[in-house]
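Below: a set of structures, written as structure tokens.
You will see two complexes here that share subunit A, one where it goes with subunit B and one where it goes with subunit C.
Up next is the complex of A and B:
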């Protein structure tokens, strides 16, 4: 039986109080929101913070504000709330789809947006019990010195497994980070780092408090997720795409993000750029799909064959762009996953 | 020195199956652990401990959650419903009746969690489609039934509850 390790527990009521606690404790403390990632990791001793600081009692972190000028989502808004909120459609559909495809209904009732953005990276050699990891003398990410996926690598290659991260990057999201010394707002794409250990540039004294999105009127977005089962599983490849189309269906602006193919979600900049000023016809879509697949370099450290996952990248970009131009691709989506909402 | 499991240094008061309940427990425990070990409510099952099987689902303030991933320390003042609180007036809940009648429980290990999860669905949506039932319990693994009997039992309970409501009005 796996028990949680001992920890000190704090439950601040305000963001200021939380910032003071983190300022004093730094890396000794970890913010706890839904707990659906952190608590299993603690049971397996992958993460062993001396203090857990609950964010669930800070009312301001539970707010959702959607205005004409844009939206602001508190970090503790649950994935269920986002998936069920019909205001997250059209431009924001990718976010609602990503949230609705995380794990299971019970987990989405607990898991939060901030938690999913900050989700720990995953690897077949890391997401195991303490005894299992000990039997291989641990790995580079935790307690060991060797990366068992790439033994000559000095860098951990654990996989970014967030669903909302790629979706939010495709929507151009920014995140607000609050600490005792002040606050900063950064593009989510600048928060991630392509390193399995230091995958997020949140300082230990900072709280990821809020996600903000521009008004995406005129945009359409979508999210495609690959996993073995239609529920439960983390993504092993995903594609988020957003486009702004002019009246005659030419692409005014586009963003394509590939998830679970590296230690961070990858912006497929060249693929997106190749679409600008062109109609979303078969040739444009095929070119963008090939360019996006080029940046995906999945490794053999998660479910499914890595070369097949790379091939799926191009398929998913194709489905996503066809969907955004108005094709009915429900059958393609239903061939490997459920449709969580219409 | 006492073993760590018996160091009950934390206390909360919460509503368990409609009854105000005080409990003392070791502070690292999850809701699942205090229900089973400190309160003797063993109806909620202890499965994978990692959020991968759904056997420990309970309703927290009416919503299905996995009790193995909820800190007991976070449950003060909350409403918790487990399978022990499902029946009313000493009788079985229509879902429990239907599960028994239609063979929706075989080994029974997943059953308490599916019952409370299905109750939350029917409370929120009294006439769910088969797809909505599938979606609602997609977080609950069952290795015996193949799920069909479970879907049929939820649908049978749905009709029975709707019938009860009609006859009551």
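Up next is the complex of A and C:
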């Protein structure tokens, strides 16, 4: 079987202690939350940190605070908790849907919100064992010099594969990053970077401690995920959408995010803008779907054909917006996800 | 035990024995190994831990095709914790499952043929140490041309992947003609020509291959291994290790799934055996999932061309099948697979004249071999989809068309396979009825559809893999004074339920409870030979051997009890753990007493039974592949929903009827049918053993696209449809209690039925497996553009076929021999082993 490399293990009880450890170790240490992604990656030698620092014993990271004024979610809240909590509805539905569609029940029991936000980018040439990567002489993202997806590319094109990332971006989430030198809060959309290697602007000494959301009263949101099977699979395309509708059903505000079509979740700004002040009628939805599909540029490094994934983008935006205006699209959702969402 | 019949079983005939006597057979039962399996107590090979045990890892080739110039192991040998480093020179003798394809080496000596081919082994105190030491072995390779597919193999005569075979990189060419096919086409009202492609896929057993070897205190060798064929492994070990077979014991641990993927002797098994002998320490290996993908031996990718002539009523006048088969880097079962791909076309529908041409090429990929259905699902897909096209053109309902042309029971086919019971018609009628076919076919709204397909499969290969005249299966029974019975048999439990079949048959005959029986199976020291768990042979062959041994034991016990009770032995019944006078049931003894009476009278009681299949009338060269004591039949209706924009497919329901002869344990039989449906659906919709050829200008690399259980897509429980299983029973005289196989046949109709259903739903033909949404969307675009609404291969390459062996079919006076070859009967059989397939 595949064995983990040897590593040192630390389990601080406070955020301060954790920040001190990271400050001292810098890139030698990696924070460990659920470990559902990091540990398999370590078995494949994609990451070989000298030290793992567990975050699970830091009590403050496990807190959920949902208030009318807004919500704060600790980074170590598990995806199962989010999926099962019926308070995550209406404005927050997209987050609960995204969490409930990650991997498998067993993985969701361990996997955390912070971990999913920081999920390493994925690629069929990278998510392979050491021996496999050796047989292609490695790749740009790890130990090599060529990006085999696009050999002329000087940039790594590994795919953002987080489910909660696009959902949270559609909800306008911010994240709090804590380090020994202080803390900062940034919009989640500003945390991501469209580069398969430097996909996240978290410094190695920083801990992503908390996600915060504004009051989403009057908003509705949804998340659509494309994957081959009803379980296990990472998204190979996703659409998160949130709208705030006025009394006469015109769009007051909207956010559409396309996930797993680049190295970061992509905000479909023009698509969202095109909806403002209009009712969610067929024409408005079609225009927004076409605009959103335009920014999706999937490449041949995940499951499914890339042109087909692009085609599905428009379809998913259409389903999402129809769902948000109140159409019954449960049959379509169940057909694609094999899961009903209550 | 309640004697309740299963409601979804249709009885065509009646059983030989009085039905009231069947307390075990035919009753849905908990299988004898269920408790251990559901409580996690079954001991698989990787669960074995022995004192002083060392761990083995294999260094595998990172190149698809290369010569090994030099291997330097000195740094690895010096690494702390490393006990031993082996290279090809330590185990150079070639082996392979078929006597004609002895082309493998446990560790490659001078030539690597695919990424993952093993070149060295490290045995160390810890598995992690062994892994780390792999990087310390320096191998100097000379890169050779990468041959990535059959077309490249046909075009590349040098370098050769192997120095044997037909020529260049063609491993095997087959050409057989049964009757004059051109005359058949001349008689036809319509001729159909279609090309199909069936992508390769792998078995994906949940248990990764594992082996533990130990040098016994007396110097002999014992190996525990997750193998389906302990007997063939036994022979390969004796050959490669140059040890007397009597000094080697192979214990097949229960397999966590096999599906054909554990039927070859494997390099890792030989390596740990060699290492254990050298180190005098237990040595273990458990493959990673990636390594399991490199063992492979899975479904061959096959490009096919079917040319079929039919009369207006659908009657087939002639059929010509050509196949181009991607064999991968080694022979494995490939010669047999090449024949199988052309074998069973004649067993479902009457084909009066038939020509088959098959070509297997070597490529630089893990070797293909036998996967559930071995070589037959690919052409079955083509044949059944083409029949759907024929039915549409002839304006006949596809179910009715098939009913019209079903082959007769006990027929001898054009290629000289003798059929047994054939209840294909009943299978078709049942699925048509329960699926509501007549209200659905061509009547459902756009985007929804149903498809139908049929199949046949062997109930055990009629011939062994190596030439011999001995039984294919043997069973020994030991009766003890406490009323216990022990079964000793080489048959291997791979999850299919062979232990339960043996226990059920013996319990039925002796009138005892299957749970009172002890089983010692899959152990070459303890039990007589059974050839292995492949070709759906165990229920029929080991079952018949068990039946014979049990009947013999029953006769001895009856003799003793009859004397004691002063009752004629013919009047004795064995049931409810008693032996009693069937006229006066109160007069009797317990089974335990009965054994004691018989032992007192005759001494220690033990019996044996064995089974040898009947001789096949297929005497021509190649006629060794396809004969079977009898064949199972299946018919399936699949319902699909297809999104007309994206091509996304879902399968809400599948109805399947299987002609099983007799369901010995209907619970198990249903499990096999549902498991086959599951596997078939995976092949139909998503599974692909796919490879990446990196840009030729930049790299010679040819790698498995995703050797992981995450990215190799196989359906999850959430993707499984509702399955309605109908069992059709007409006891076949060849099977124990009339039983035929159920482990493989029900897989075969699923893939073509899905393709036919997709056509019914959205009017596009997907002539390629798997049927993915991308392909459907492309075909929908073709349809929209007014072109042929189809996705699939457009041509079949030109191949220089040899002159066909011409075998006149039975109705043209043929005797089973080819008219242009030396007849087998007079051919000299060399004293050395001979493969039957060449």
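Criterion: the second predicted complex is superposed on the first by the 341 of 342 C-alpha atoms of A that agree within 3 Å, B and C clash if a C-alpha of one lies under 4 Å from a C-alpha of the other, contacts with A are read in each partner's own complex, and residues count from 1 in each chain.
The rule is simple: a contact is a pair of C-beta atoms (placed from the backbone, for glycine too) under 8 Å apart; a residue touches a chain by one contact, two chains touch by 3 or more.
Just so it is clear, the structure is predicted and the values come from calculations on it, not from any experiment.
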Contacts of A:192 with subunit B and subunit C, given as first, second, both or neither: neither
Touching partner for A:88 - first (subunit B), second (subunit C), both, neither: neither
Touched partner set for A:2, first subunit B, second subunit C, both or neither: both
First (subunit B), second (subunit C), both or neither touched by A:319: neither
Subunit B versus subunit C as contact partner of A:231, first or second or both or neither: both
Partner chain in contact with A:336 - subunit B first, subunit C second, else both or neither: second
Subunit B versus subunit C as contact partner of A:126, first or second or both or neither: neither
Which of subunit B and subunit C A:219 touches, first, second, both or neither: neither
A:138 touches, of subunit B and subunit C: first, second, both or neither? neither
Residues of subunit A contacting subunit B in one complex and subunit C in the other: 1-3, 5-6, 230-232, 338
Of all residues in subunit A, those that touch subunit B in their complex: 1-7, 9, 11, 32, 34-36, 39-40, 43-44, 52, 54, 56, 80, 103-107, 109-110, 230-232, 338, 340
Contact footprint of subunit C on subunit A as seen in their complex: 1-3, 5-6, 124, 127-129, 131-132, 134-137, 146, 148, 151, 228-233, 303-305, 307-308, 311-312, 315, 335-336, 338-339
Residues on subunit C engaged by subunit A in the complex (per definition of touch): 46, 60, 62-63, 115, 127-128, 131, 208, 286, 288, 290, 641, 643, 645-648, 650, 686, 692, 694-695, 698-699, 701, 703-708, 710-711, 713, 715-719, 772-774, 777
List of subunit B residues in touch with subunit A within their complex: 4, 27-30, 33, 46, 49-52, 54, 57, 63-66, 69-71, 73-74, 117, 134-136, 138-139
